[in-house]
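Same chain, two partners: chain A is paired with chain B first, then with chain C.
Let's look at the complex of A and B:
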């Protein structure tokens, strides 16, 4: 960083530049070591999945890159306030320095190097782990390796597909490889590549599986794909992170990462239960996006109220629901 | 701009249309256009528009089905705004010109009048407009702050509620929108309008009518935005994404209308500022002598003129969707909710820099004076502002990293977003160079300037965390983002605004604010600002989404800490308000000279400056920051001899323009 001393310096004065550089070096090194070795393992979002691990790494790398900059600026200003404050009774002006090409050039080069390094690192971290858990739109450019299949069995290399359906104000998870059964609990097998198909029935939501490090907006009529692979057993909290109406804050569901065998028995169990209950028959056939005004079982579209645009009435009449 | 060798002939009004005799009779105050007539006409206008709307649209089938109708509301707002402007007399001059009648002298003479009446009229004087903006923006800020207090009160507990869920969203939306509307004008309005012309040695702005219109749209936007409360507010926050906005009641119309009006005000102010800075610089005011504050105003004005029309367009389309059923943003009807997101952020990201750049400008002025040193790297500072301005148009999709829009372009937007930190870093380079071996004076404005650098550093660095797509996946839509932009806007812009108030208020009013209370205000605001917003980064990282009404139980302690800090921050604002009111109304400590020993042009005049700023157009002799230069020329000759400018001042031969 910019530690070059301006050339105009009276010999009687201490070398402010060297002094600053020394203090900065010690503080920056200490901060970076603490961040990397002490703080990093505890940084959010944890290491439950591949995408979460990569995000944790990114946050740590950003912190390690940023800490020296923050320390440099704060140290400099503190030093200036202490050393170069006007003493009482001193009414004189400072030395007129209009610029210093060396300082300015090294500053620009220094900041450019940091920025380009962060860009290259960020891009590698985005492309490598298949979008790093972020929503990649309907046709992802960076795909997670894994075979697609109409069924899923433990032990294979098959990808598990999970559809995430947002609606005011809950999440539903649909498993097309298990007959399109639905659950309000997000169950995932460990060490299995997972494809999330995120969509919404009404407004824009954002699917945020915090511990998995997955976030993808749920847009109506859009299939937004995100990938992850869970690496450990544990609980998952799913929240909505895009304002979606009055109970946005109460829109959360829970889930678990379980062993592959436990997942299969859970999924088969739910599937057969929903089959006997008639739930599967009542659900619309699996699709990547749904239009809530179309119910295929009725054979025709629901009558659309004139006013799907415009104020079609308060959405929550007459009073607000007391509980979500 | 040619050199004005005959300054007596260079009276700005001389080339304008004929004005009714200079001794034209003034009508009594209540017959002259003003706020009182504006309010009356607005009420009549609203009723008229509401009736017309019902008349036109009451038989729409959907209105009968849904029991609401947006047409009368929108027409009511439209007619009320027109009535408000008509009552203020905005249309008098253009109307008289159309009819070929001579203009009335009242509007012009009003500015020279003593007393407070001119502040409540459509007055064509940039100094009056500046003061009007100052009070207007403080009212906006305090109102928005009250909403923030309500939000923090609600978040004291994760499960016990002070507000209902829709009330809470109403408060969140009002807070965000009001603050965003106000922040875009909080420095450009008061200080830009007041000091822009003074700093470039001009007697006036280029388009005084446009300037005054820009201000008078802001009270209308304020009232209309607040009127959303009567309809139960709008649920979508300040971003108001579709299709949530489609579900909203008529409060959504207030959002679109008010934001659109404020957008028009921003465009007008920006347009006027650009033309003024290009054409109204005094002789000798080269681009290389332009004060940094004027550079910031100039850059911001370009952002406003180029980016804000997109917002106005989006608001207009939203209104059409709700009244004429156009369906721009409705997926089922061939529109797209993605379109709204893109339009909003195409405006929204330049807007963020519309908020940041004026702060850079004010702070650059302040540090040079109180370091008693020239600004380090003048060209770098100007280049930094221009660089930020240009790059700000190329980053908007970083708000939509997880949205599924254009995912393959994310590396590009990551790059542009990170690149923008290079010109922003110039502002720090300039500051640190200026502090090198300075003679720092810790006046209240300087304290706020130092706090600005502290806060904006945290805000800026957290912005780099957000620009990185993998890291952003955790941070997006959480309290982390919220903390980030409060650090840049509140911690940056508002601290710069406060620096500007303490620095310039003695110039604007001739009265200085109490310094002891000023220091108390500073320390409480600085400490409680940080204790309020620093923990929010942690809350976001721990999984608390924005705009929530209920949150995880384990985050309660931290939220309580933040809420209590926020109340203390509110108390700090009350200290400021107390100081402001007492100093202005009761203590009235006069400050007529140049208390900061500033070299800047505005401080060479009396406080407050005389009616037309300068008796004669000054000739600028040297740059504004030549502190510590032995035998430095004065910044300007305020009383240049007639007719011999070119010969007498060889230093001014390089006049550009």
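Let's look at the complex of A and C:
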């Protein structure tokens, strides 16, 4: 930063530091107020769930923190061009530069405060909302408060368990507290802590429930746990955010956050239909992850050819003739 | 080197790189567009679509890949493609001839018929002698894990349409599956499956695919025909009137 000594500053020279600080203060304050009160309510991913609300807050806080810094840089840049530019006919050298302890100390202290603030805020925002809606792996460090139970009923504090299963190129959602029934639609009750168990049946996918602020990788044979609590009624779009094949871009499902009573009615209805149709009995026993080369009902792995299963991976007993 | 020479060199390099990019794009786009589209027209507010899935295909490059075929309604010929169009807001009656053997679904949930009218399909199965051993059985589930009955699926996830496609029972048919595509009922065991659904009210392109890991020779059945238009994945163009 260029500074001038009082000895070389003409008596009519204004205090550039004060002037810059005054302009910066007004602009920074205005920008932060606009960010907080005008922009924040529209920031992604919205406020459908606790995790989404925290992410919205995070983005707003980061923007509020960054705006004064950006404004200072741009302001100083503009001020220098306008005020300290070379005048026509002025071929003299610029003022000599000396060290300035105040400026250097302010710079170090200021940047340290900003970095520490971001560190503390980021940590609090990761721990507080139980992983901030991100996948925490099979053994979550930050767990969401809520009782676990084999069943779920409205009005209680019981967590809803939802298994998210990815496969090329669609999602299904399994509800172990409702007999292990499965759906292509992600339905959730409002004001209920939810545990997602995210896994895959083939390649690596990534479960991204955008409006819920939940994103967790879906790895085959891995149970990736993520939490959220929906706080409002509304629609949910589930996308894959991991390049997973030619139709990765079209891999999306839909869902809804509904009242607790409506959810129970829906879940009971699906469970009943799948039980009647026989598909519930046809599903494998609920597990936190599945081996794609195993058909549990048959109790054995599919035959493999050089480690590969697939079209020719029939599952007849060995004595049966082989299909092409 | 003079400024003019430098500028000319830069321009030439830009043209070469840009031209290469355009060539690659046109090559792939051109390749994709070479796949024929079969158009179905409505009659009496309905349209009849016929597909078949074979253990192999008659292409020169990938003859051992399992593949769908689409029947041209004009001449009843089977076309090696997976692109077809139907009118919007129309009842689509689909007939699928399953000539391929069975493979278990990765997720047996898709044994359940979803999104068809009545959420059911009607299945008949024939052996290689033409004997019908399952006749017009209407069902909402074809359990791919309990019996050797599911060859592939016909799924349009964007419409929440998931249909397990029956295969001929390979044990009853002594695995004497069709070996020359496009397959015909004569001398080959097959399953015939029918179902109906309503096409969307508005036009658009809807991808459809198989959910059975049927890419033989690829890791866990993924890849190959599973990932290639013209084989086990396709597009249904819904055309607004």
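A few remarks follow.
One rule holds for everything that comes next: the second predicted complex is superposed on the first by the 282 of 324 C-alpha atoms of A that agree within 3 Å, B and C clash if a C-alpha of one lies under 4 Å from a C-alpha of the other, contacts with A are read in each partner's own complex, and residues count from 1 in each chain.
The working rule: contacts are C-beta pairs under 8 Å (C-beta built on N, C-alpha and C of every residue); 3 or more make two chains touch, one makes a residue touch a chain.
Not measured: the values here are computed from a predicted model.
Contacts of A:170 after superposition on the shared chain: chain C is touched, whereas chain B is not. Of the two partner chains placed around the shared chain by superposition, chain B and chain C are both touched by A:247. In the superposed model, A:277 makes contact with chain C only, not with chain B.
In the superposition on chain A, A:123 contacts chain B only, with no contact to chain C. In the superposition on chain A, A:203 makes contact with both chain B and chain C.
In the superposition on chain A, A:59 makes contact with chain B only, not with chain C. Legend: residue contacts after superposition of the two complexes on their common chain; A:184 is shown touching chain C, with no touch to chain B.
In the superposition on chain A, the chain among chain B and chain C reaching more residues of chain A is B. Common to the chain B and chain C contact sets on chain A are residues 202-203, 245-247, 250, 293, 307-316, 320.
Put simply, chain B touches chain A in their complex at residues 60-63, 65-70, 164-166, 168-169, 232, 235-237, 239, 241-244, 246-250, 252, 321-323, 325-327, 330-333, 337-338, 371-374, 376-380, 401-408, 410-411, 414-415, 418-419, 421-422, 425-426, 428-429, 432-433, 435-442, 450, 453-454, 457-458, 461, 464-465, 467-474, 476-478, 541-543, 545-552, 626-629.
Interface residues of chain C, counted against chain A in their complex, comprise 55-56, 66, 100-104, 106-109, 111-112, 114, 140-141, 143, 145-146, 148, 155, 157-158, 160, 162, 170-171, 174-175, 177, 179, 207, 209, 211-222, 226-228, 233.
Residue ranges of chain A in contact with chain C, taken from their complex: 165, 167-170, 172, 182, 184-185, 201-203, 245-247, 250-251, 253, 274, 277-279, 282-284, 292-293, 295, 297-298, 302, 307-316, 320-324. The part of chain A that touches chain B in the complex is made up of residues 2, 6, 16, 43-45, 51, 54-55, 58-59, 62, 66, 69-70, 73-74, 76-77, 80-81, 84-86, 90, 92-100, 103-104, 107-108, 111-112, 115, 118-119, 122-123, 125-127, 129, 131-138, 140-141, 198, 202-204, 206, 208, 210, 213-217, 219-222, 224-225, 237, 239-250, 291, 293, 304-316, 320.
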